[in-house]
Amino acid sequence: MVSDKPRIVKVLNVRDESKTVRSLIFEDDICSKARPGQFVMVWIPGVDEIPMSISMTKANGLAGFTVRKVGEASSALFDMEAGSLLGVRGPYGRHFTPIIGDVMIVGAGTGLAPLMPLSEILTQNLSSIHMIIGGKTIDEFVFVDRARAILSKTKSEIIITTEDGSYGTKGLATDAMEPILKEGHIDKIYTCGPELMIKKVLEIAQVFSVPIQASLERIMKCGIGICGSCCIGRYRVCKDGPVFDSPKLEEIIGELGLFKRDHSGRATII
Amino acid sequence: MQEPDLSIEISSLKMESPLMLASGILGTSIELLRRVFEDGAGAVVTKSIGYEQRMGYDNPTIVEVYGGYLNAIGLSNPGIKEFYKELSRSKIDDLPLVVSLFGAESSEFSEMISILNELEVKAYELNISCPHVKGFGVEVCQDAKLVEDIIEAVKKETQKPVFVKLSPNLTDIVNAAKLAEDVGADAITVTNTFKAMSIDIETCRPILANKIGGLSGPVIKPIAVRCVYEIYQNVDIPIIGCGGVVDWQDAIEFFLVGATAIQIGTGIAYKGLSVFEKIKQGIKDYLTLKGKSSLRDIVGLAHGF
Amino acid sequence: MQEPDLSIEISSLKMESPLMLASGILGTSIELLRRVFEDGAGAVVTKSIGYEQRMGYDNPTIVEVYGGYLNAIGLSNPGIKEFYKELSRSKIDDLPLVVSLFGAESSEFSEMISILNELEVKAYELNISCPHVKGFGVEVCQDAKLVEDIIEAVKKETQKPVFVKLSPNLTDIVNAAKLAEDVGADAITVTNTFKAMSIDIETCRPILANKIGGLSGPVIKPIAVRCVYEIYQNVDIPIIGCGGVVDWQDAIEFFLVGATAIQIGTGIAYKGLSVFEKIKQGIKDYLTLKGKSSLRDIVGLAHGF
Amino acid sequence: MVSDKPRIVKVLNVRDESKTVRSLIFEDDICSKARPGQFVMVWIPGVDEIPMSISMTKANGLAGFTVRKVGEASSALFDMEAGSLLGVRGPYGRHFTPIIGDVMIVGAGTGLAPLMPLSEILTQNLSSIHMIIGGKTIDEFVFVDRARAILSKTKSEIIITTEDGSYGTKGLATDAMEPILKEGHIDKIYTCGPELMIKKVLEIAQVFSVPIQASLERIMKCGIGICGSCCIGRYRVCKDGPVFDSPKLEEIIGELGLFKRDHSGRATII
């Protein structure tokens, strides 16, 4: 069994994904075997330890995650250079279960991070992917080129939406779902991104009776299912998630996109 | 043969199973607490709640060491008023719910209890032994007068059973237990975690943000078992054993030295939530093999030698 | 690059390697002590010797638990006069030999030292912390006045360095260390074992004949590391870290929190006598990798954060 | 790795070997794989824990030891019946290394215990055994029939000696060594028994330059090489022994048969 003690890894490579998003690549055999949707607890010595989805795994023992500069911890990660030391423990949590068939992927921002390795497996499985990537405006898109490259391997499509119309179709990512779902050939929907988007994806999927898997975020401390800080309903995002199926998502619909808990455990409006 | 009887009572708290969820483990939301109960816990203890909201320490708050875990969560909690709301969100009368409380003075404890009193809380556990938060933990445990005040204040405020959770970071845990009994505690919970530390040798720094944390898990079991053994010889109130229970064999050790019930925390990290059902089954099989009809028949047996 | 320098000094005791044999481990005969020295220990500590002969407890005196061992040897020793003969059997001037002494009062200690004084003993370690022998162990450690008396008496009797070995079974080990420093101790050894217990669930009895024993090995390392860390922030004399060192990584943790030297006991059960050479090599490789020329460069580094 | 915690085993069978010696057979997979010369620490709950050589191992997971009623602990073992519970930990220590060739075995009393399984392996290896069994008088012999059965498998001989001449040749076991050694075909000598006998065996073997292995006894507490109570010279009987080769025996000749340590560690005359 892998220990829940941080393994110190060296950042080998930092890749700019956008002005505020970077991917950090490091060598770690265990992480390189992560399944899509799993996350690691990343220790930034002297700063913090935060959960990050694995956004990349390579056969040669490399793995990576993709961070958006938000607060102190993510900025510290964003500012790391090749050679910096990090601790990682994990990978933790339930992963996306890839199927063979026609699938839809709905993502936004760094929510795309776990959806990239998922797409890789899906296209290896010869699944067709209808990928909808949403954003407020053109600047904040990441992974579009990488997605195109992955999707080129099967009969797939990418739909880009922006709220201001500066890139792709004007509107919300979820607006682009219905026309495709109406055709009736989508077997499964995968999604990750802002929780209100996820909630909308769930609702639309329910209308069309398509099963979904969504990756959620909550405050994490232990990452291993004992501290309770990541709870949502009767579930622990770190252990029962972060990827949840439709039935569980329906159970927690009363919290989804509505409230989450802060570091004290107090429920706060999202 | 009939299934052995695992039900126990600690004062007015009736439990179908002697296995409780330890405080601080998943005890943040009422839904999670209920889930643990449904997964086989005989009673569930909430995370320790204080008067004011506390964010706790920065991450890393937890790290694995050989045979156990270190944590320095830092008594993060939403504050008693917010927690009252948490407990009010659903019916809890069927839930064997124990609320864990911490505080620096007796008045804090009595105010908290007065807030919770109207709810169907089944018992209170006073955490006067958190090893890594200054002013709330071991310091309290060490101060006999303060312990006395707190327990007396709490007993005045409530008829419900009051458990006092002790720290193993004390030279003389037996004395502390005797004192708690004398001033009216209904049960002793032993033990909390041990002050400990883990250093990352690559970066040369303590791993926990708080540097020092509390050690739990299998590593502390032999010490916790000894604490229960010694306390059992000196007090008459029930003892709730806690520390490193992962398998049914661990639980049996605690019963043999005199524990009436057992709490499980870190065991969940090793075995998941099925740990309760698995241990329950193991205890039943053991009792059957030994020809005992009730768990009560083995409590304290190790003292016969 | 040159090999990193592992030599250290604790007062007048010079050691080629910072790894010492802990007291009670193989320290019964001068030949075994010499063998451990030849196998790579920088210094060797004898079994704790008392004024009178003691047979110790009945067997079982040792039992393995998860991640460690429990022992209740019971301070068996041939008595100081017989031990004087033991040490006189061969030349010991080249041996970095530390004699561990226990006793219930200061006069016992000074008498023992006056007997050994003419021998080439290099230092004394006062074991005032054995957890499982009434009157000689934790009780001594707890009694500040007694500790003071003992150390003062010993310092009066000898010019040799005096190490004081403390018990982790104390609420406040830092205070005990400060006290020892104040009255003239030359170094603090932390820690001795933890009072603990193991029950056999088939026969329902404690396994050790003495029932309670001392817990050693990897399980106690995070607690011992914390003790060293806290003491380092409060005393200026050298600290000898002890508890659960099995691999070089364990040793490094102790150095980083402030240990000048390390003692190894139970590690020998896991790794045999080659444990000293293996750890020495690991430390050298680590220092080389970190670009340090001397072990002294890493002592206490974990306090920089 | 096997834990050093007593495994509780049930005595399955008790066999009388003589008026004061009995063998206790129990089921324990680990002990059934012991090599000849290894010992177990036997816990008699409520009484004591003492070292006992494994005197018997069977392929079906059974093992046994053979105890002479001496003091409290050995008497408690002697009095045990089928169904009694014991704790065993081990097997511990260095074993006899069987060779293929012509060997001599010199044993007395329960010293024969480890020499029986050794003989079994030796005869399986088609070695010839010259076995000398000594005793004070006819009553105290054990394992003679078993030895005969084992030795019948190869060209071997058994020589019995008693001090009073009541059985076999009159004299000491060691008296019977020289005539055989003089023939010059003995490749190795194995011995176990009273320490003065072992010392004598060593001295005779030195004269004929035949390598020996001897199993020694000292007070044991830990059994795993850390407490030091079993020390002889610079060695630990439990870990560096109990079986010692000639070079080590020569190193400790100054203690052998002369003094041992009591439970306090004090040296006492044997």
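A few remarks follow.
Letters A, B, C and D name the chains as they come in the text, with residue numbers starting at 1 for each one.
In this text, contacts are C-beta pairs under 8 Å (C-beta built on N, C-alpha and C of every residue); 3 or more make two chains touch, one makes a residue touch a chain.
In this text, all values refer to a predicted model and were calculated from it rather than measured experimentally.
The fewest steps needed to get from chain A to chain D, moving only between touching chains, is 3.
Among the remaining chains, those touching chain A as well as chain C are B.
Centre-to-centre spacing of chain C and chain D amounts to 36 Å, using the average Cα coordinate of each chain. Rounded to whole angstrom, the centroid-to-centroid distance between chain B and chain C, based on C-alpha atoms, equals 34 Å.
Chain B and chain D have Cα centroids separated by 52 Å.
In chain A, the residues that touch at least two other chains are 46. The set of chain C residues that touch two or more partner chains comprises 65, 198, 205, 305. Taken as a contact graph, the chains are arranged in an open line, each linked only to its neighbours along the path. Each chain pair that touches appears in this list: A-B, B-C, C-D.
Chain B meets chain A in the complex at residues 24-29, 31-32, 34-35, 47, 53-56, 58-65, 69, 71, 73, 76-79, 82, 86, 198, 200, 202-203, 205, 207, 209, 265-266, 268-269, 272. If you check the complex, the residues on chain B that touch chain C are 65-68, 70, 138, 142, 169-171, 194-199, 201, 204-206, 211-212, 215, 218-223, 225-226, 229-230, 244, 249, 252-253, 256-257, 286, 298, 301-302, 304-305.
On the side of chain D, the complex with chain C involves touching residues 3-6, 8, 41, 43, 45-46, 48-50, 85, 87, 89, 220-229, 231, 233-234, 236, 239, 261-267.
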